[in-house]
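Next, two complexes with chain A in common: one pairs it with chain B, the other with chain C.
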Partner chain A sequence: MLEPLYWIIRRDLTIAMRRRADVFTTLIFFVIVVSLFPLGIGPEPETLRQIAPGIVWVGALLASMLALEQIFSADHRDGTLEQMLLTPQPVSVLVVGKILAHWLVSGVPLVIMAPVLGLQYNLSADVLLVLMASLLLGTPALSLIGAIGAALTLGLRSGGVLLALLVLPLYIPVLIFGAGAVEATASGLGGQAHLSMLAAILVASLVLAPLATAAALRVAED
Partner chain B sequence: MTPGSTSPSLQIDRLCCVRGDRTLFHDLSFAVSGGELLHLKGHNGSGKTTLLRALAGLLLPESGEIRWQGENIRALREEYARHLLYLGHHNGIKGDLTAVENLRIAAILDGYALDEETAWRILAEIGLRGHEDLPTKHLSQGQKRRVALARLLANRATVWVLDEPFTALDVAAVQLLQDVIHRHVADGGIAIVTTHQEVAMIGANTRTIELGRRDA
Partner chain C sequence: MSSRLINWFKFSSPATFYPLARKISVASAVIAVVLIAVGLYMSFFVAPTDYKQGEGYRIIFVHVPASWMSMFIYLVMAAWAAMGLVFNTRLSAMMAQALAPTGAMFAFISLWTGSFWGKPMWGTWWVWDARITSELILLFLYLGYMALRAAIDDPRRGDRASAILLLVGVVNIPIIYYSVQWWNTLHQGSTIKMNAETTMDETMLITMLIMTLGFWAYSIAVAMARVRTVILERERTASWVRELGLAGS
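Up next, the complex of A and B:
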């Protein structure tokens, strides 16, 4: 069971390495969105510090949603997805592999970039650390939940907009606890509880989302 | 086929498929067993592809059953997939990966390891010598089809479901593919093939089913 998982991740990472432009669009989008706010709101350090967690998190959320559409669409177009459904491997395992590879390519760069952007908002070192931790727990959950939407809207003509409508409401808990963890740390309360909730959401979506995604993919190929 | 094992059989029982609100076929029943080649014919839109996708388990038929060794393929699912090789309109290969990488990934997902050396040999056999480590997006249409067909040479599946396998192939490749299919059938496998072209699919055990005859 682990061998196909390893190979599907390796396959998707190889493809991502060969078309690097797609990888960078997500990251650059995140950097630009988050950098726009200080320019629009003005350089008042106290205001910036207060809005930072929400803005970085919303930026990461939108960036990760932007990348979602690509997760299955290319495989759907060239027929490799239908071949995956016909292999003796459990489809949900292959789905986990694809989501994991997708997160490594689109989610991890966001986690790494976040503290650099946080500096723009005058965040202290321990807050930056919690910001990274919250994104590290939150972005894979976003990819997992988003994959369900991506599978459901596969092959639809205006899939992008529909995908946003489907997925954004489901992102709300992740956003609340993610931004909440950073805020709580900044105000001195400690973000432990929020991070635990994020971890719980991650575990729950890791268990449920691949099954739902696999079912949706079967419907999409019908 | 290991000697002594029961002969493979695929049974189609009163199958009915609907696309949109059009019934493509209904009450379609036939059986194919090991060593048989089934040639599906029919005009455009008669439901050949739909039937093949149903046989592969990709598509849920409106009613009726498809049974592999006496059991519904819906219940068998992965167990049936182990015995099946389906090749549809899409080649199912990634343009960013090389022919060798495509072939090896497909093999691993199909549940067996294919070493680098064997992959190169198979690709040479199918006429892709010198193109093995190019990203397949740089290959011609016919060459891409050959990469997809290379899976037939690597695979150990019993049931081959091939949808228009001869499209985009040149004369030599058509000849090669016919040989490969006939060899598979002679070895006790099942092949279910659709073609538009009048390719000579006539072999020892060829049966023809024509879909969409308007004689009702």
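Up next, the complex of A and C:
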């Protein structure tokens, strides 16, 4: 069961490395969105520090949502996905592999970039650390939940906007606990509880989301 | 022996359900009109004025049943969706589809009337209260379901894809609800509580009950009328629909 997982991750990473521009598009989007807020709100450092957790988190959430469409669309277009569903391996394992590879390509750069953006907002070192930890736990959960939406909207006319409509309400708990962890640390309460909740959401979505995604893929490729 | 068994699936066929839906729809519509008329009369003229909130509280007779219905209809839709996936019955998905606009409408009414109640009572149209926020998210879930349903042209794929979405939504609702509640208590002190009155006057309770039953009957009537149009639209090539003589050509 682990061998197909390894191969599918390796395959997807190889493909992603050959289309490096896609990776950077997501990352640049994240940077631009987060940098827009001070321009709209004003350069007051105290205000910015207060709203920083929410802004960085919403930016990461939107960026990872924009990248979702790429999980299955290329494989769907050239028929690879259909062949994958025909293999004797359990579809949910293949789905986990694809999501993991997608997260490594689109989620991890966000985690690495986040502290740099946090510096723009005057966040202190320990808060930045919690910001990274919360994104490290949160973004894979976003990818897992979002994959369900990506599979449901596969090949549809207004796929992109529809995907946002389906997925964003389901992202709310991750956003609440992710931004909450950073904010609780910044206000001196400690973000431990929030991080634990994020980890719980990650584990639950790791168990349930691939099953739903696999079912949705079967419907889409029917 | 088999004659003693009830054929549970008799009405799972659109052709046999179509005439039955009409009967249910008409009966429920009559019940709904009577109950809502009585309920509205009682809520305006019989129920006593609240000693703290004055006359403005009367909007809860619409607000609370609408919120209940909006939550309950989503559960019913998810149940139909699950049934459709398990038994592979076309009618189940049609029922979920027929219920969705009613559920979304009740979610919207609940927010709208809540806003009207909040302005005189709290002095603001909108508060990021846990329950209001959850209701808003529920409205988003309804809209997402309807958008997905409308975006898929193939009815079979649409049925199953939206059924999966409903089940994912129903698993997420408690998580969303509790996370929103926790978020709310962390961000702002509970200066305003919705459940201010702990004891309720008996007439108020009865009025609310009548209104709730009226909304139930309304939902059934509308859903049945809508499922009839869905059936006709989907089965327009079937011979039994042609025999109805509705088609223009």
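Here is the rule we use: the second predicted complex is superposed on the first by the 222 of 222 C-alpha atoms of A that agree within 3 Å, B and C clash if a C-alpha of one lies under 4 Å from a C-alpha of the other, contacts with A are read in each partner's own complex, and residues count from 1 in each chain.
The rule we apply is simple: a contact is a pair of C-beta atoms (placed from the backbone, for glycine too) under 8 Å apart; a residue touches a chain by one contact, two chains touch by 3 or more.
Keep in mind that this is a model prediction, so the values were computed, not measured.
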* Asked: So, A:D222: does it touch chain B (first), chain C (second), both, or neither?
  -> both
* Could you look at A:P88 and tell me whether it touches chain B, chain C, both or neither (first, second, both, neither)? => first
* Asked: Which of the two partners, first being chain B and second being chain C, lies in contact with A:D78: first, second, both, or neither?
  -> first
* Scan A:I15 for contacts with chain B and chain C and give back first, second, both or neither. => first
* Kindly classify A:V96 by the partners it touches after superposition: chain B alone (first), chain C alone (second), both, or neither? => neither
* Which superposed partner A:V182 touches (first chain B, second chain C, both, neither) -> neither
* So, A:P4: does it touch chain B (first), chain C (second), both, or neither? -> first
* To do: For A:A133, select first, second, both or neither according to whether it touches chain B, chain C, the two together, or no partner.
  => neither
* Answer with first, second, both or neither: which of chain B and chain C does A:L27 touch in the superposed model? => neither
* Contacts on chain A seen with chain B and repeated with chain C across the two complexes -> 222
* Structure fact -> The residues of chain A that touch chain B in their complex are 3-4, 7-8, 11, 14-15, 18-19, 75, 77-80, 82-90, 94, 221-222
* Could you please specify the touching residues of chain B with respect to chain A in the complex? => 56-60, 78-79, 81-82, 84, 86, 88-97, 101, 105-106, 108-111, 135
* For the chain A and chain C complex, residues of the former touching the latter -> 148, 152-153, 156-158, 162, 165-166, 168-170, 172-173, 176-177, 180, 184, 197, 201, 208, 212, 215-216, 219-220, 222
* Contact footprint of chain A on chain C as seen in their complex -> 137, 140-141, 143-144, 147-148, 151-152, 156-157, 160-161, 164-165, 167-169, 171-172, 175-176, 179-180, 182-183, 186
